[in-house]
């Protein structure tokens, strides 16, 4: 692990632990679900070790992997979904952090829209919190991929979406939660907060408008 | 900036930062949305600088503008919606503070009632928390203006409402959030809490009574 | 005020302030609504002064009244609804504390059931949290009285219910909130928590079962 | 009580008090409901004393019972439902902790599904938080037993389920709350968080899909 910058690693570990504590307090990481990471350099990332309580993360709960998801300089086992994190660092060279959470809103939205495969968000001012969006008069599509215990199936689903040239800032997995990313931790937190808020608003509108809300054409 | 009273500015900046922290903890300012201001004197206001995390505001995140929304004594860029704040200080000489937040309840209510253009509140004891209201047997109309990225469109919509002589204590923008104001920060906080509560109650009643609740005549 | 025990008064004021802070943090006292009191002796009670922020009560925000609601030893104005507190101390010699809060659940339930005039709770284990209830196989009726700005109208409504010999542990006012009481502050807090919980459960069941839930006979 | 290891007892009491404070802060133990325990050795458990505020538990609020639920070395009265805790330690030799909470979600779900007698959870990633579950493509049945003030009736209902050879990781009592357990306190907390989350998701889906959601065959 001589190639890893210790200061950089400690700074990332601290940012990850802070995010874990604050997202845990919001109830978005129930029952040791969720995992977080930050890019260290062109070939490495810091990720949470599997099974730790995400609301009480310590610097010792963070480990280094290469961008194929292999542990570097440790025998610890990375989070099961590490392959989804490293895929994002490979495909988005500008991505500096990835957050996967598991809030009730995210999970319920994923189940409800799994049949469609996508949640279309439009007309919300907060869409502008997603990097590159400058007006609420835009469309923000959040795909919902089928769940799979085999990570390579999920990796292929994400690759297929990206290879089709469609914009992607975050995605849901059916019955599972959200993945989102950004330039650095503050931007990634902002993206996560925006998706949580927008999915919550969408579910509220559905509750208020009734089943017919689901049938509106788009 | 020699004309600005430093003590007054620091006091206002502290009140704005406190409000930001407390409203942020309630989840009403997601993803760096929301902005806050206080009147400094007949011609100036202190407003939040654009893009800062409203839950972690510091005194350095506050700047001075004149009532046309132009920065005074700084190169910082004020919040995009500053024109809506300064309009309120111009039209309401007694207004000492303006709060714009973006809670899920406010945003969902704005979408649901955008077609009507107004939410009519009546029969709630908490209407008495709005300055000048002495009984629940009154009517409190909250307009919902269409969203626009061009602030001058929004300014004209608010002017039109006021020029028609209709009472106004707060308004929603479609898909966006609420603006409310008051004599000073405590009264403005009280107004904001009352609107949040009343909009939440109204949505709950709609959920419980079903779609027919929306069709009740008024 | 020579007849009032200072130590007793300070103890009550502290208990009231603690309750206010904790209930305020739960969001049950929005926009300076709500008021609290404790019995001092056979003829006096300590009550919150009108218009104070109930989440930030200090000992100075509490005053003494006799059981007709007249200020004792101060020029301060007691909370508008003091007459409802003193009525309860007169009618229930064992009552040591009265809490009036204004949560969204309490307020929405009061509006929804105002037409019936009563919410019947049955089959909930937590009914046993109400003093004197030993089984969930009992019935707990919570009356909903019409709102009135004239307190004497409300006092008469409560008197009529009690004079009819019906049990009473708490009541709602339409569009307003709940009043509950108990032997001392801990029992009163337990009653308040139980009512809030049970009303919330009842509303949830209505949301899940739909409008037909309201028509079930009782 | 000479046979009880004091260090072990103090460690368990501290873990129980910590759980109580944290679960109380989530609102899952309203009005002194709920009770908690940990196994001390093959024949004893530490349980909460009846009627204490579960959010403010102290080491003195914990007592020792044998696995028939009889107080050991104290005159204090154990929680009324102690028989349900000791049954679990007898039937599950690996169980090290039992938590009974009373959240609104748990209570509403128990009422809604009481007629069926079971809530079937499937397709949720978080089912994997339950020990021994390795895929979301499994079925997790949570029985709902009828409420009874006579604990022996409840004990027989749980015995009957287990004697039928059906898996059991937690159960609800109609109108009451949940019981869950695990190897130690962290695993039991994880199980409780997972059940609370999954029941909440299930209720949300029902709200969004309407009554028909309840009629889906299984």
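Note that the chains are named A, B, C and D in the order they appear, and that numbering of residues resets to 1 at the start of each chain.
Going forward, a contact is a pair of C-beta atoms (placed from the backbone, for glycine too) under 8 Å apart; a residue touches a chain by one contact, two chains touch by 3 or more.
Just so it is clear, the structure is predicted and the values come from calculations on it, not from any experiment.
Counting the residue numbers that touch the partner chain, chain C and chain D have less than half of them in common. Per-chain Cα centroids separate chain C from chain D by 32 Å. Averaging C-alpha coordinates per chain places the centre of chain A 45 Å away from that of chain C.
Residue positions of chain C touching 2 or more other chains, listed in rising order: 207, 210. Chains that are in contact with each other form these pairs: A-B, A-D, B-C, C-D.
Touching chain C in their complex are the following residues of chain B: 123-126, 129, 134-137, 186, 190-191, 193-194, 196-197, 200-201, 204-205, 207-210.
Against chain C, in their complex, chain D makes its touches with residues 30-33, 53, 102, 104, 107-108, 111-112, 147, 149, 173-177, 203, 206-207, 210-211.
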